[in-house]
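By letter and in written order, the chains are A, B and C; residue numbering begins at 1 in each of them.
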């Protein structure tokens, strides 16, 4: 079972919680036990799982990435001004895979699925959720 | 087929081999060919695959993370002293997916599955292994 | 359905597009909808998904990794001169999981699957592709 949705982003670097949307797709799939894969179809965005209760954690993740991978000093910047966005996306990666049990994502108490925007704002970022019966 | 187990950790930063435990779950599953997903249900721990024959490699990975992501200088540290643990967990990620063939994990000779503890010691870190028939 | 292939590499650090080979395996599998997992069976190589249209992006990713994780200053270097290769592989990770629809990888327009060589040249790097029906 596969479902694709899009979201829009409003900043150059931004981490957006998509947990509720993915949970809804898992519930609607009718799959009781198995795996859920989340994949973002862009080379300057990524999927991360971490805490969102204190939103400062997302800002800290972006501060760290911005410090280690500064903007404007890479080869690809001569073609397009977003080399740092590509490098950040390569480090975090476009997908996560999560166990499903009793039709629910088996996340820990402090884990949320989030989209990392590294080259926004964008009107449409596409995410595909695939659920496999175990 | 899904199995959850817990392990305890004894240091703040520690990389612990869980390969034998995961192999045992794969063997017991009876699945001959498919995929095995390992997922840790915490926002300050991660799963990594690398060499464990020379244990210095695990220390080197932690040295690098400690150097790039030092403790105590992030926003979330004003709420809780573990912002660096969250950032390290976000970089390494909570899961890995490995092919299964002939009821065995298809790892390379130098690859082991390991839990990364970034905010220990903890009495209980929960890991879920899901095996999918291919 | 599972398929293993090997490629040779020609430089110490090199990012090589394997997208066409993986696409071919997906087509031959006959699986219409599901997941495709790509796994490299080495502790000094990794799988990354990013842009390959401008090859400078791959050079930028390697420049960043070489800057943050320099060669020759780690504990494992006293045994073997490739500690940095192991650390880079741990950061990028050995696998990626991609949705399949209509017998095609559901990659974005600018996404390619690539092998990261961090300790080449090597005559044989082994990659296993597993396709699971959804």
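Just so it is clear, a contact is a pair of C-beta atoms (placed from the backbone, for glycine too) under 8 Å apart; a residue touches a chain by one contact, two chains touch by 3 or more.
Just so it is clear, the structure is predicted and the values come from calculations on it, not from any experiment.
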Copy-to-copy rotation for chain A and chain C - C-alpha atoms, rounded to a multiple of 5°: 120
Interface numbering overlap (same over half, different under half) for chain B and chain C: different
Centre distance in Å when chain B and chain C are each reduced to the mean of their C-alpha atoms: 20
Contacts with 2+ other chains: residues of chain C: 35, 68, 91, 93, 97, 132
Chain C - residues contacting chain A, complex: 33-35, 48-51, 54, 56-57, 59-61, 63-64, 68, 91-93, 96-99, 101, 106-111, 132, 134
Complex contacts: residues of chain B adjacent to chain A: 1-2, 35, 37, 39-43, 68-69, 74-76, 78-80, 83, 86-87, 89-91, 93-95, 97, 126, 128, 130-132
